[in-house]
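Here subunit A shows up in two complexes: once beside subunit B, once beside subunit C.
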Partner chain A sequence: MLVDYFFPRTPVIHGTREIFLNWGRIAVTFAMILGLINLLFSNFKKVMLQSRGWIYNLILLVSFAVTFYFSVPYHTIVKDGAVTTLKGTDAGTVGFQIFMNVYTPLSATMFALVAFFIASVAFRAFRAKNIEALLLLLSAAVVMLGSVPLGDAWFAALHLDSVFGTHNLSWLSNFVQSVPMSAAQRAINLGVAIGMVSMSIKILGGIDRSYFGGE
Partner chain B sequence: MNLQNLDRRIIFAVLLIAVASAFLFPRPLHIAVEPPVQMAYDTLNKLQPGDRVLMAFDYGPSTMPELQPAALAILRHCFQRKVKVVFFTLTNEGLPMIADALSQVAVPLDEKENVDYVNLGFKWGGLTGSSVIEGLGSNMQAVFPVTIKGTAYHDVPLLHDVKNFSDFKALISFSAGTPGINEYIQYANARYHIPIVGAVTKVTAPREFPFLNSGQLAGMCAGLVGGAEYEELIDHPGFGMSGLFALSIAHLVVLGCIVAANIIYFFGRRQSSR
Partner chain C sequence: MPPVLDHATVFVAMIVLCAIILYYTFKTTAGKLPKLRTIAGLSAIDEAIGRATELGKPALFISGLSDIDNIQTLAALSILSYVAQKAAEYDTPIIMPNVYSVTMVTAQEVVREAHLRAGRPDTYRPDNIYYVSDEQFAFVAHTSGLMERERPAANFYMGSFFGESLILAETGNATGAIQIAGTAETAQIPFFVVACDYCLIGEELYAASAVLSQDPRQLGSIKAQDVVKLLIFAVMIIGCVSETFGAHFLMNWLGGS
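Our next item is the complex of A and B:
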């Protein structure tokens, strides 16, 4: 795989790479099936033994069975006399409805909870205790307000746009993100990449054997 | 009552009331299109009728409110330009996202499946999706021998002369994490030089700015605001626009929390120093 990057036009290397790619895809597909079987067995075992919280394991198994039944096989729908065969993930099937009306709101709710915790943490932890914290606070305020149209409206209402020429707060927010933040992000990316190369060489050269359980 | 240790349930309640009120009583806001979104629009606006693009829906319901507005707006723009779209996803949650986008955009515009667009479905490519992305770069048919409807690859008119990335003008990634836009930049753009346009969540946007500056990313819509800006560009307001006011209010509440906490902290410190 690695050699193919250096000799991209060589048919033998490219063909070998194709074989490896196919193997990779087959392996990860079986890994998914293995994970699924493991999930079912471990939950089934907990239900049978009535372990602590077994009711949740039962809910998972029932949810899995219902979703699997409606989502995986093909379904035949008769509408206005016309027969249509649909996959469980197609719009109009029960599987799709379960996904959009049960899973989607639950999943979105979980993610939306983050907003509440951010607000709480912003109140409890974001204190300007020193100059660095103050700078962080100010840049956060610029990016947060500049990311939404209301920030620009306020900026113009307070005539602050005249301070920055014709630029508005969203321009300032974009500047913070694309210049100083981008530079820092690039430095992090380079550091991570160099670290990965260094680690890979150590593993390939047998210098680091920690993945075998040794030192 | 010590305000520095204010019960967090009060903060939760304030945020809930503020956002709910914003949704109930929305106000129109003027929106300025930012350069990353304009770049995305310009890249796709240069496409000619009949050109093909790949569209990867690598997100799920949790990030749907942030990414779906951009996905719908970009898809609409592609169809308006008579560009052929090939869908796929590297995450199983992406399939209903594609189905939803098709039902909201392709069906009303009367676009024909397998002619104007085709859905290749989901393929798991490992944690980084690299085996699938690499495969798409060398032999797309080997990765997706059939479409999601079970139609053989060679029986799809849209895919007749399509072999790999070189047959597409752009790859549009709607991404909420890994595998996602970073992997397309690393594997598809770096090696096969296919232009990448993306829509990402607001929290992951900062890590994409270096790629945007270097030209490896041809344009980007970040979060709900990015989607709303794209809706503005194609002159088709949707959920992005309608959610902007609520988002603005949520940002203000968080900012208000920071300011209030610092005022309380400052006066508390002065009192204790006396």
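Our next item is the complex of A and C:
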């Protein structure tokens, strides 16, 4: 893979890479089938033995069966005399409806919690206990006010635009995000990239084996 | 297809980088260890496990939401090795829900080895390291529920995290657990910094295994990283000065525009 990245126009290397990728895909397919069988057996066993939380295993088995039935096979739809064959995951099928009306809202509900948690975290983070926290609070205030029309409206209402011109709150907000924040992020990313290369070398060279339980 | 020049530049940079890292890795010996600053998040691991032991509660370890092919997950498993050994010494159970099956199997092996090292193979419970789901929010729903039910006293979030980082960290904070996080995902670092007690920022996650093991060769690689950073800093200064005076040789060589 690495050699193909550095020598992309070499057919022999590129062909070898494709062979390896195909082997990987075939192995993954069989692993998925094995995983599926294992998942069904382990959950079925827990339901039969009525282990702790067996009702959830039952829900999984029923959900799996329903989704599989409607999603995997091909469906033939006859509309106005025209016959259309759809995959179980195409728009208009029950499988697609399950995905859109069950899975997507459930995921969105969990993700929506982030909004409330941001509020509670911000309350703790923005307490000006020291100079650094005060700077953080001021930066956050500038970025938040500069990101909404209300910030510049206040700026104009206080006639500050006659003093600072176009250097209003939205300009300051953009500046904070594109200069100091960007610089800090790049510094972290630089360290991360070098650390990643270093760790990769240690793992490839067998210097660090702790990720597999070794010393 | 990207220009060949970019690939050549990356190739040269990789060779130089690898050479420097390998040089310092094998140069460092036990008698001449580089001096490293203390990483608060790593020093707090013992404290966190100790607190869980005092309270008689388990510790929770999450190795991120990426598979084993992500280098952050491997770094997380290195930290797990140390955490699991400490937990085994104190006879404190570790619960570890997993997003991927391969990570689960690897983590089971890491924890089993840690129990053997601690001389407590009898206390190893493979059922505590289990697969949940590779769906992001299904995993979050399970783990948040687990925190509320089991009330682990120490939570470790190490590895690659995304939109769920704040949900996990805030739920853990609400349960009163001592929390240590570490990630190289720049967008998630602020969430962990404000919601957790300690946070390994970026490269500290990768340095953790070296610091915890105190292996001279691994510590040498950290020194090498600093040397590489100095080199990059020098290139930046030269680039700024040369561009200011209208000389574009460095920019042209690096493939910039």
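Operating definition for what follows: the second predicted complex is superposed on the first by the 171 of 215 C-alpha atoms of A that agree within 3 Å, B and C clash if a C-alpha of one lies under 4 Å from a C-alpha of the other, contacts with A are read in each partner's own complex, and residues count from 1 in each chain.
Here is the rule we go by: a contact is a pair of C-beta atoms (placed from the backbone, for glycine too) under 8 Å apart; a residue touches a chain by one contact, two chains touch by 3 or more.
Since this is a predicted model, take the numbers as computed values, not measurements.
Chemist: So, does A:E18 touch the first partner subunit B, the second partner subunit C, both, or neither?
Modeler: In the superposition, A:E18 contacts subunit B only.
Chemist: Counting only touches as set out at the top, which of subunit B and subunit C does A:M110 meet: first, second, both, neither?
Modeler: both
Chemist: Which of the two, subunit B or subunit C, is in touch with more residues of subunit A?
Modeler: B
Chemist: Between subunit B (first) and subunit C (second), which, if any, makes contact with A:S170: first, second, both or neither?
Modeler: Touch status of A:S170: first partner only.
Chemist: Looking at the overlay, what does A:N43 touch: subunit B (first), subunit C (second), both, or neither?
Modeler: In the superposed model, A:N43 contacts neither subunit B nor subunit C.
Chemist: For A:M196, decide between first (touching subunit B), second (touching subunit C), both and neither.
Modeler: A:M196 sits against subunit C, while subunit B stays out of touch.
Chemist: Just subunit B (first), just subunit C (second), both, or neither: which does A:Y5 touch?
Modeler: Both partners.
Chemist: Figure out whether A:Y211 sits in contact with subunit B (first) or subunit C (second), or with both, or with neither.
Modeler: Second partner only.
Chemist: Per the contact definition in the header, classify A:R124: touching subunit B only (first), subunit C only (second), both, or neither.
Modeler: Both: A:R124 reaches subunit B and subunit C.
Chemist: Check the residue A:Q185 against both partner chains and state whether it touches subunit B (first), subunit C (second), both, or neither.
Modeler: both
Chemist: For subunit A, what residues appear in both contact lists, the one with subunit B and the one with subunit C?
Modeler: Residues 5, 8, 106-107, 110-111, 118, 120, 122, 124, 185, 189 of subunit A touch both subunit B and subunit C.
Chemist: Under the touch definition given earlier, write down the residues of subunit A that touch subunit B in their complex.
Modeler: Subunit A reaches subunit B through residues 5, 8, 14, 17-18, 21-22, 24-25, 28-29, 32, 87, 89-91, 96, 99-100, 103-108, 110-111, 115-116, 118-120, 122-124, 126-128, 137, 140-141, 144-145, 147-153, 168, 170, 174, 177-178, 181-182, 185-186, 189.
Chemist: Any idea which subunit A residues touch subunit C in the complex?
Modeler: That would be residues 5-9, 35, 106-107, 110-111, 113-114, 117-118, 120-122, 124-125, 185, 188-192, 194-203, 205, 207-208, 210-215 of subunit A.
Chemist: Quick one: in the complex, what on subunit B touches subunit A?
Modeler: Interface residues on subunit B, with respect to subunit A: 6, 8, 11-12, 14-16, 19, 29-32, 34-36, 60-65, 95-96, 99-100, 102-103, 123-126, 131-132, 134-135, 138-139, 142-143, 148-149, 191, 202, 205-207, 209-210, 212-213, 223, 225, 244-245, 247-255, 257-258, 260-262, 265.
Chemist: Considering only the defined contacts, which subunit C positions touch subunit A in the complex?
Modeler: My answer: residues 1, 4, 7, 10-11, 14, 17-18, 21-22, 25, 71, 74-75, 77-78, 81-82, 101, 106, 109-114, 117, 135-138, 140-141, 163-164, 166-167, 170, 184, 186, 189, 191, 194-195, 201-203, 205-207, 209-210, 212-213, 215, 217-218, 221-222, 224-225, 228-229, 232.
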